[in-house]
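In the two complexes below, chain A is the common chain; its partner is chain B in one and chain C in the other.
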Partner chain A sequence: METVTITMKNQPKLYLEADNISPDKFAGKKASEIAALHAYEGREQTTLGKYFEIAGEGGATAADTRIVVKGDVSRVKYIGMKMSAGEVLVEQSPDMYTGAWMQGGKLIVKGSVDSFAGIGMKGGEFLVEGNAGDYLGAAYRGDWRGMQGGLIRVKGNAGSDIGYFMNGGTIIVHGNSDVHVGTHMEGGRIIVKGNAPSKVGGQMVGGEIFVYGTIDVMMPGFKYVQDEEVEVDGEKALFALYHGDTGERHPKRKGQIVYGKLYLKI
Partner chain B sequence: MAEYIIKNGFVFDPTQGIKGDKADIAVKDGKIVKSTEVSSKAKTIDASGKTVMAGAVEIHAHIAGPKVNEGRNYRPEDKLFTYRPKSASSRMAGGFSIPTTFKTGYEYARMGYTTAMEAAMPPLYARHVHEEIKDTPIIDEGAYPVFGNNWFVLEYLKNKEIENTCAYISWLLEASKGYAVKVVNPGGTEAWGWGLNCLTIDDPVPYFDITPREIVTGLIEANEALGLPHSVHIHQNSLGNPGNYTVTLDTLKLAEGFKAKNKFGREQVLHSTHLQFHSYGGDSWANFESKSKEVMDYVNKQKNITVDTGCVTLDETTTMTADGPFEHHLTELNHLKWANVDVELETAAGIVPYIYSPDIKVCEIQWAIGLELALMAKDPMRCFITTDHPNAGPFTRYPRIIKWLMSAEARKKQIESFKHSAKMVEATHIAGIDRELSLYEIAQMTRAGPAKSLGLSHQYGGLAPGMDADIVVYDFNPEKPHKPEDIEKAFSAAAYVMKTGVPVVINGEIVSNGNKRTLWVKAKVNENPQVMRDIRDKFLRYYSVTQANYDVSSHFVPNPHVIEVDATH
Partner chain C sequence: MSKSVTDVICPFCGTLCDDLEVIVSDDGKKIEDIYNACAIGAEKFMHAQAPERVKRPRMQQPDGSYKEVSYDEAVEYTARMLFNAKKPLMYGWSSTSCEAQSVGHEIAEKVGAIVDNTATVCHGTTLIAVQDVGIPSCTLGEIKNRADRIIFWGCNPCHAHPRHQSRYSVFPRGFFTNKGHMNRKVIVVDPRVTDTAKLADYHYQVEQGRDYELLSAFRVALRNEPLPETVAGIPREKIIEGAEVMKSGRFGIIFFGMGVTQSLSKNHNIDNAIMLTKDLNEFTKFSIMAMRGHYNVTGSGQVLGWQFGYPFSVDLSRGFARYNPGETSSNDLLRRGEVDAVFVLGSDPGAHFPISSVKKIAELPSVCVDPHITPTSEISKLHVPVAFVGVEVGGNCYRMDNVPIEARKVVDPPEGVLTDVEFLTRVNARLDQLMGGK
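And then the complex of A and B:
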């Protein structure tokens, strides 16, 4: 695997839209070619080379390409967008849309990510060692096709509206989340190991939400079913299972109505 | 003004019966003239080895107004990854099934379309429609106000008051700067206000106690009494329901006995739009099948009808129609987001995203039906290509539809790629049709035919001297062997497009925003104090706006092209 190291040298004045920072785009390119890849600063089209020092070259394919992003990238959006393979390591904290529409490979952020990280994600592994902003693993504005596959793991806390319109895959938040968890969710699994204050599973049709800590205010559309032992993130535990959102339509499978499942740790 | 001569192209012009002969087309002062009438300074455009046609005419698309804009508002995902930054001669443009106004103008022009009709204008929001038309570059546009669920029309026609209906149509065309009499789900959209619908032409409309049959025949009678350039333009009852073809035939039969009366050379008294959605057999989605043959057999022999296809393009799109109850039915089927608006005394509208998937049997059958209608048409001057944009697919797919219609091989390839191709073939006729439309027939279905149906054959749809210089050159040599894909490619980005004498597209790129016009019809009738009093009365009693805030004043229509009709007697 070849490694390309890009280091922030000139901070953009405005936010930089850098969706070309992806193993798919770096593969098969030399440092000079990577420097020539375009980005947008405001409405001006510019190149990555204007902001980053680039060392190393891409592997033959995306899978053979590893990118290390160094320096202050707090004004850089769309790192790892649509990446299908390979690896990206961001040492500090990037701005919004990190790992958006990611399809495969591995994306690691040592710092925190801003909002819309991993939206519309289809596959791969996305690890955030700090905190995540709002709309983590959500659907793009207006879309009903949210996260469909892959794994997002946040070691810190997450903002509001995580897993909005989620259809598949897994989101694990080791800390707390803010309000609106799994709104309109139809599939997949959200695990909040800390607390989730309120609006958990609103208009949820299917899928599973686990909350290890407390929910201050439960949505009125959830009803208690039974206690269940479930294996979550590699460990078994006992949960109280609620079905919901009963105010929403629910499909039938093999004659049984399918509900969204909300598990509260006992 | 500049002079041009487009030399040595293979010309296809149904208005003069030219079927691919090499000819020169001369242009002076925005009009086509005889080659002898231009000076030696005329700029030469070399079209050798290329196809030359008149600018195409769109007869039915939803491209401007509150319904389209609500689609844009509530579907940001439709714009994702579609934006093109501005260039020297074009503005930033984006969107797929509901493109921005700018993209609408640019994309029509790039395909060689120079005129387009907005198919459903809610009169109360006519100002919005005209604001968007004004912001749509290059193409000439008109808009059809909707009449089929309008309280004035329902009341007048219930009492068989044709003359009052005429006076009201005349007033509303002028107030809304409208082009034609559009009818959407006659009576059904009004019934939707009560949570009901009219699914046959004899279902009574609640409160008004009138039937779709009476609404349609009354409007045809009024339209012909006025002698408007276009006929009544109908979106029939029971759209999109299995087994609806009988309702379709019932409605088409309403035209029997009527004769077109107008000075524009229009021969039909009824235009039935997006026929694909109305040619369904079976009684459920399980035994859903094509009834295109039954419908086209009737259309072929009934000369006073024109139709357009409403071809399904197999895309993710946004359905939008003044057929409010249908959109509710659709959201119940696909569970995707639904917008619904009631427009006071006039109409309603609904919007739902829809995915025509090549993996779903019903969508595959719908795809076949749309193409079958065009392939079964005996008179290409009476059957036009549309997608009912964006309902069956975006208008930007016309080149693909032309490819399917011109190539049996392309259709075969598409059928083979379907998930349920065997079941689809069983439920349709498409696999047994080997007809391949010629470029001449395509020119009839996209140019001369719709222009004639709209009563605009004196200026659009042909290349005869005296007509508007709307000319397209496609990089397609009909004398050389070609692959189906070459057809789609050539029609997607014209080599050269001229709009009223101004070059607007060169090599598929926009070079000018042209000088677009808005077409509307001013129909003069005898003074009618009763209708004027009824209008004042309805505004005072029912409308949420005053009459003074209703009219589309002239500054909304900065470059009008008014077609005048005198129906006084």
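And then the complex of A and C:
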């Protein structure tokens, strides 16, 4: 696997839209070619080379390409957007849309990510060692197909609206989340190992939400079913299972109504 | 002798009353009296006559004082500011005509600006919800003639839309509602006992920030599913009773305002309210409508919608339209430092935005186009006074139910004062020169 290291040298005055920082775009390119890739600062089309020092070259394919992003990237958006394979390591905290519409490969952020990280994600593995902002793994505005697959793991806390319109895949938050977990969720799994204040699973149709800590205010449309032992993230534990949201439409499968499942750790 | 101008449109709130009568002096220069308008609407007309009105553009000096400049200099400054900026913000558009908005959008497309209107701090969340789940709505005329279940959720029309209840929603006698308010049941959901709540048949004093739960609870009640004992501070029995009241009507309408669009849950509140409306249509006819504030904020959404596909927060910086409130909305852009120039027309962010955003406007090159002296004009580098739309110049406006109404001119503007359209057209022409016809 070939490694490309890009280091921030000139901070953008406004914010930099760098949707070309992805193994798919870097594959098969030399350092000088990577430096010539487009980036946008406001309406100005510039190049990555104007902002980043670039060392190394891309592998033959995306899968053979590893990108290490060094320096302060707090004003850089869209890192790892639509990446389908390979690996990206961000050493500090990037801005919005990190790993947006990600399809495969591995994206590791050592710092925190801002809002809209991993929106519309389809596959791959996305690890955030710090905190995540709002709309983690959510749908893009107006889209009713949110996250479809892949894994997002946040070691810290997450903001509000995680897994909005989620359809598949897994989101694991080791810390707390803010309001609105899995709103309009139709499938997939959200695991919050800390607390979630309120509005958990509102308008939920299907899928599973696990909360290890407390929920201050439950949604009215959740009814207790039974206690269940479930294996979550490699360990077994006992949970109280609730079905919901009973105010929302629910499809039938084999004569049985399919509900969204909310598990509260006992 | 004075003459009377009838059927005048009121350019104040989204109700866009179209029955005002304005008494104008014989020479057609002075407004003497206004009939039928509410106190706020009447004040808007009278304010145009104020002797202290600014009639020439003013440029802020380094010591904070203002120096009068010509319109030519104002056009030059505005065009250069937009030309030099990498990502200018063009905010406002809600208190002007659709014609002016259209010229503004042409400029925005040229300079790669972000166009945002006052919905961003108002009913923008409604527009997000509408995009997510659609909206079953109707016109105010239908409500007057048919509606017998009126729900005001998080809004206070007694003060914000003073003639709304008498013209459309509560008191008028319509075709199928010939007993006026005797035909109607009014439900108000508000944590405070507002004047609107005082005239309601049912007042749900919801806990602050729990509208989402209460909306869900109504939906659960409609499906006969079990409910907890209390939801959002409301006992279960009252929720079931409310659901029955809604179901038993022939035609119901939910009006909602800032109480739900800008409190906790924001767009999700509206999303759930729209889904409640959809659920109620299983039992009877139900509609839902946003209580839009500025008289032409709906028009701004309409014009942006047909020109770019999105109703607010439209980012044109890369030559094609993008939209994501949270990133491309004015407050986020200003607070994060994503824009390098601010152009404001037909709104007052200086009064409506958080102080952290207002400080940014004061730091950046900024132009404020507004007939009044406002907090925004006081912090902008350049203040350009213009004629009042709906008083001194006509133009198209959209009512809160998306019905277009042509505003009328009543008197002439003060001599030499440009209209929004004239000023923007001159800026647009100057930009063409600066860009060399590109």
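In the analysis below, the second predicted complex is superposed on the first by the 266 of 266 C-alpha atoms of A that agree within 3 Å, B and C clash if a C-alpha of one lies under 4 Å from a C-alpha of the other, contacts with A are read in each partner's own complex, and residues count from 1 in each chain.
Everything below uses one rule, namely that contacts are C-beta pairs under 8 Å (C-beta built on N, C-alpha and C of every residue); 3 or more make two chains touch, one makes a residue touch a chain.
Everything numeric here is computed off the predicted structure, so don't read it as measured data.
Visitor: In the superposed model built on chain A, check whether chain B and chain C fit or clash.
Guide: Aligned on chain A, chain B and chain C clash with each other.
Visitor: If you stack the two complexes on chain A, which partner ends up touching A:G221: first (chain B), second (chain C), both, or neither?
Guide: Touch partner of A:G221: chain C, not chain B.
Visitor: In the overlaid three-chain picture, which partner chain does A:F116 touch, first (chain B) or second (chain C), both, or neither?
Guide: second
Visitor: With the two complexes superposed on chain A, say which partner A:W144 touches: chain B (first), chain C (second), both, or neither.
Guide: both
Visitor: Touching A:Q203, do we find chain B (first), chain C (second), both, or neither?
Guide: Only chain C is touched by A:Q203; chain B is not.
Visitor: Of the partners chain B and chain C, which touch A:K261 in the superposed model: first, second, both, neither?
Guide: Neither partner.
Visitor: Looking only at chain A, is it chain B or chain C that touches more of its residues?
Guide: Here the partner covering more residues of chain A is C.
Visitor: Can A:K193 be said to touch chain B (first), chain C (second), both, or neither?
Guide: neither
Visitor: Between 21-29, 57-65, 75-83 or 129-137, work out which stretch of chain C sticks into chain B after superposition.
Guide: Clashing stretch of chain C against chain B: 129-137.
Visitor: Need the overlap of the two footprints on chain A, from chain B and from chain C, as residue ranges.
Guide: Common to the two interfaces on chain A: residues 43, 140-142, 144.
Visitor: Touching chain A in the complex: which residues of chain B?
Guide: Of all residues in chain B, those touching chain A are 74-78, 80, 85, 335-337.
Visitor: Once bound in the complex, which stretches of chain C touch chain A?
Guide: Residues in contact with chain A: 85-87, 111-112, 128, 131-132, 210, 212-213, 216-220, 222-223, 225-228, 231, 264-265, 268, 271-272, 275, 279, 317-319, 323-327, 336-340.
Visitor: What part of chain A is in contact with chain B in the complex they form?
Guide: Per the touch definition, chain A meets chain B at residues 43, 45, 139-144, 249.
Visitor: What residues on chain A touch chain C, complex-wise?
Guide: Spelled out, the residues of chain A in touch with chain C are 13-15, 17, 40-44, 96, 115-116, 134-135, 140-142, 144, 165, 179-180, 183-184, 198-199, 202-203, 217-221, 223, 245-248.
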